[in-house]
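Every chain is named by a letter (A, B, C and D) in the order it is written, and numbering of its residues begins at 1.
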Amino acid sequence: MARLKRFRNLKSDNTTGFGTNSSSTGGRFVNKDGKANIVKRGVGILDRYSWYHTLLGMKRGKFLFLLLIIYISMNLLFAGVYYLIGIHHLAGVNTGSQWKNFTEVFFFSAQTFTTVGYGRISPVGFEASAVSTFEAFLGLLSFAIATGLFYGRFSRPQAFLRYSHNVLISPYKEGIALMFRLAPYKNNNLSEAEVQITMAITSEENGRLTDKFYTLDLEIKKVNALALSWTIVHPIVETSPLYGFTKEEIAATDIELLVFVKAFDEVFSNNVVSRTSYISSEIVWGAKFNMMYKPSQDMNKTILDMDKLNSYAMVPLPEIAVTETSMN
Amino acid sequence: MARLKRFRNLKSDNTTGFGTNSSSTGGRFVNKDGKANIVKRGVGILDRYSWYHTLLGMKRGKFLFLLLIIYISMNLLFAGVYYLIGIHHLAGVNTGSQWKNFTEVFFFSAQTFTTVGYGRISPVGFEASAVSTFEAFLGLLSFAIATGLFYGRFSRPQAFLRYSHNVLISPYKEGIALMFRLAPYKNNNLSEAEVQITMAITSEENGRLTDKFYTLDLEIKKVNALALSWTIVHPIVETSPLYGFTKEEIAATDIELLVFVKAFDEVFSNNVVSRTSYISSEIVWGAKFNMMYKPSQDMNKTILDMDKLNSYAMVPLPEIAVTETSMN
Amino acid sequence: MARLKRFRNLKSDNTTGFGTNSSSTGGRFVNKDGKANIVKRGVGILDRYSWYHTLLGMKRGKFLFLLLIIYISMNLLFAGVYYLIGIHHLAGVNTGSQWKNFTEVFFFSAQTFTTVGYGRISPVGFEASAVSTFEAFLGLLSFAIATGLFYGRFSRPQAFLRYSHNVLISPYKEGIALMFRLAPYKNNNLSEAEVQITMAITSEENGRLTDKFYTLDLEIKKVNALALSWTIVHPIVETSPLYGFTKEEIAATDIELLVFVKAFDEVFSNNVVSRTSYISSEIVWGAKFNMMYKPSQDMNKTILDMDKLNSYAMVPLPEIAVTETSMN
Amino acid sequence: MARLKRFRNLKSDNTTGFGTNSSSTGGRFVNKDGKANIVKRGVGILDRYSWYHTLLGMKRGKFLFLLLIIYISMNLLFAGVYYLIGIHHLAGVNTGSQWKNFTEVFFFSAQTFTTVGYGRISPVGFEASAVSTFEAFLGLLSFAIATGLFYGRFSRPQAFLRYSHNVLISPYKEGIALMFRLAPYKNNNLSEAEVQITMAITSEENGRLTDKFYTLDLEIKKVNALALSWTIVHPIVETSPLYGFTKEEIAATDIELLVFVKAFDEVFSNNVVSRTSYISSEIVWGAKFNMMYKPSQDMNKTILDMDKLNSYAMVPLPEIAVTETSMN
């Protein structure tokens, strides 16, 4: 890792919130989906999760399935209670086998929990009435909570951005630059988009492995509107921590690019945030992105083709004479 | 397009988020309603739209109609299921013709979906009871979602601004200025309003058509409170990309003014955003806006007349000696 | 109004959003409750009001009463429809006098609208069933909307600030200062509170009355936490537009102090805003606020006495030699 | 308190929002839970509390219990009304003892309030029908309000941070520093975390006790991501108000550290705020925090052990020669 000496003189960033002691951390810092690669211990399971954050982040299908499971469980529970109290306290039940009796009280429970209350079956006597009074209350509260969860889920600010799968090292002006591309894929309106890339690199210092973080300078770090695709460009010049790296050195080094995008969603009038991370093996040496938008046939609109987000062509890179003077 | 040379030396803005290659884009950049004039391809129909953004942006009547359609469809669907299970599993149905039978199960379905559950008709046996148990659950979830949508729709931050239909070139101090006007038309309180105008112009450069973007300097770009009308003024001085243009040149050139307004809504305590766009044909040469507010008769209030938002009078413009030295 | 010449050389603020032509506006700019004193014309009644903003700003009692009125009206309307369809299409009605019949269908309507659906009365036949199907749907949507309104109302960010009724001219260091006081009166946590005072004054210029606006310099314009009372202090020094005014001149001049407070509510994690306005007659010459907080008896807490918010004592003011040199 | 003279020349911060007159305030400024230690007087009980803020801040169990109490009270109230109207106006009641009769109307009330409406019991006649019509309306509104409260409670932005119980005086570079530690304990994503520490100290000035506030300089006051633990470091150098204090002096002085943390929650896209406070007795002289994270066994993740948040070891501190020149 001799070449890493090169950027020893660059000022590293110690405000990332990740430690610099390489032996204290394991694996990548940030997962591909943007979440920090950290596990928490020493907190009870109930305390460790914000159930609201968890339910908001859950996949739609899983969330709906969970609601259904809860609904069925609640009814099984209350059916059990009514069954224990005695089926004769429910007027109108068509009695029969134990199974038939249990299904009758289960359906009565559901009719109470949802407050549909047809009334063919109805509670008689104190115990059954009291339980159903409580169940109807609980049912309404449950749906109140579900309402809040639905609203929370779909009003949750999301950036709806897609990133190119790869980072390219492309020709740029007289030299080369690191580039990747992102584009909004939904009908949301993003403005004032801002990007920040932090490069994490494991470097040897005084015989100890330390993690160093560098904020990469970008050609453009903020755009007014994020309507089309946006190619983020980090010119690999002398002040870049990547300056002087060869294709082989990049592949051999433990590099991670932490990407952070912040934008303003004009429909929700709220800031949205998106994160991702690229590691060494996702960097393609000597390639160039293909254009991903073009005018429509009638020349009245611009068409953005999301399929081409990661479309690139291999190109030769210019020879760069690395100035060795910067390395003292 | 010879006169476009004039502003070749002005620094153009490359952070608009729109590309500069004129042959890659079609039509205007931003539609009159403020949305980017872009179509997306290569994303599935389900992925391309954020259904929440779509339902929030829908016109009120269309939204309510859609809810009604969904309600009727759900009931038709469940009525079909009950019908298949067999009408004799619903106690209390007044049987008759097939049509009559179907309407009975349809209404039973509606009574279940809304949880009104009169009980004249009620499910008997496992299948019908199970389906109605599920339908009541689905009904409540649907109304939970509808509740969220309603809240999302009416709490959605909106600027409620109207713009003058035209942009005027008016006399201003010793010279001329580009002016347009906006005003809030509802009883919302906007403060800290800020405006930004970006001019897009198609220009010839090295024989290739490129789109250039310029941020126009404004006399006042921020006001503390947006209570009355606000006339936005861009003085056409030497540093303006419009400096030296004649009436005919403006009409002949492909100019687009992208307007972006941001303000703070004091009721919602949220930023609201509004966009619009003007093209060459909407620019009126030699005109002046008429005052649109006056004191009330008792002198105790100020009256803002929204009808006069686009009211202007034609006026002669002063002769301006274009300094040719700035064009080298 | 000769003394107004004094501050002719001070830079006035033209970014208030209010015009400067005194003959175009009537009365005070901002009402005591912080709303702009403006009426809008030329917009239809439906367009002029954001009904959501209106319902959010309504007093609690009025809002609840409005909901009740709507509930009764809807039921009267639907009762009318059922009555027209014919009372014999509702099974279980206890018929009698016309009044009795109407009340029966009215209550049936309410049982449908709220989805309580006891079922003693139930619709029979297509028309009555179809109407009740629609009514139950409408009922649920209405309560969905009401849910959104309730949430919108109580989650609406509010500052809960009270202002001293008067503005005082008090002794301050060697000279005098304009002071008023504000305090939070509820158990909300405000931090990063910021205040801005704009003074509007009607001044004669070239024989024409114009409104001039001045931002007043404050001793402290931002505090970290707004837990106790906060006395806002504008020192009346040479750079103040009020410098050199006598008690009589203040009373005789058309002065308005526009107060704008912005703070961060830590429970809602949102900015809250509060406005008020003081006019000449509310300025008290030669007075000083009394302390409004003290330690509790056990010395373990601080007690803030809101009753003393406007409590002040008359005090003599120091003689100030007005430097006439600043007036050229 | 002679040593307090030392920092007399440092500029104190008068924008904390707390007064400086030590005899006007009692006890600590901020409680351990971050709330200001203030009681309000002179406001009616209804005005003094924002019930929404109160219900949002209530413990979960207490909140649910309160809802249940309200539900039972409402039903008792309405049961009373139906009982007064007369039980014979409710068809289907199984009459018996007074207690039995009352429970029957109580359960009928619950069936109305929740809109479950089985219909075994149903109102007959104007009075009972009118009351039940109103009760069903009130029931739905109550659940509308409950829905809003639930959503308000769980969407309420919270930082979910834990603080080390103690503040340490640790060796730092050549000298010493004040340190404490915080860590997020839930699965929320915090970024752009910022901390501010204000030290309050009671000092003698001209024979009068005054409270002085100092913003402490921090080694790092902002981190990009708050994923692991964060040790906040205030170097005790010459410009620090704590410079020159001995262990004994700290224990004997009335010092309070007001901690304010602000971060951006990426799921809610909202700023969250957290406060706490440390007093003299919580400061440990000569100690050092132990590492609280380490790589997982497979080296693929980082494990953060919350149990170690306050884990520290006693260490000797370097001798510091206090420069007396800074004290003139």
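As a working rule, a contact is a pair of C-beta atoms (placed from the backbone, for glycine too) under 8 Å apart; a residue touches a chain by one contact, two chains touch by 3 or more.
Keep in mind that this is a model prediction, so the values were computed, not measured.
Peer 1: How much rotation, in degrees rounded to the nearest 5, is required to superimpose subunit B onto subunit C on the basis of Cα coordinates?
Peer 2: When the C-alpha atoms are superposed, subunit B turns by 90 degrees onto subunit C.
Peer 1: When subunit A touches subunit D, do the two copies use mostly the same residue numbers, with over half shared, or different ones?
Peer 2: Different: fewer than half of the residue numbers at the subunit A-subunit D interface appear in both copies.
Peer 1: Could you tell me the distance, in whole angstrom, between the mean C-alpha positions of subunit A and subunit B?
Peer 2: Those two chain centres are 28 Å apart.
Peer 1: Would you kindly tell me how far, in whole Å, the mean C-alpha position of subunit D lies from that of subunit B?
Peer 2: 40
Peer 1: Find every residue in subunit D that makes contact with two or more other chains and list them.
Peer 2: Counting only residues that touch two or more other chains, subunit D contributes 111, 115-119, 147, 151, 270.
Peer 1: Among line, ring, star, complete and other, which one matches the pattern of chain touches?
Peer 2: complete
Peer 1: In the complex formed with subunit C, which residues of subunit A make contact?
Peer 2: 115, 117-119, 147
Peer 1: Which residues of subunit B touch subunit A in their complex?
Peer 2: By the definition above, subunit B touches subunit A via 14-19, 23-27, 35-43, 47-50, 52-54, 56-57, 91, 111-112, 115-119, 122-124, 126, 129-130, 132-133, 136-137, 139-141, 144-145, 147-148, 151-152, 156-157, 196, 198, 260, 270-273, 275.
Peer 1: Note which residues of subunit B are touching subunit C in the complex, please.
Peer 2: Counting only subunit B, the residues touching subunit C are 67-68, 71, 75, 94, 103, 106-107, 110-111, 114-120, 143, 146-147, 150-151, 154-155, 158, 160, 185-189, 191, 193, 220, 222-228, 230, 264, 266-270, 291, 293-296, 298-309.
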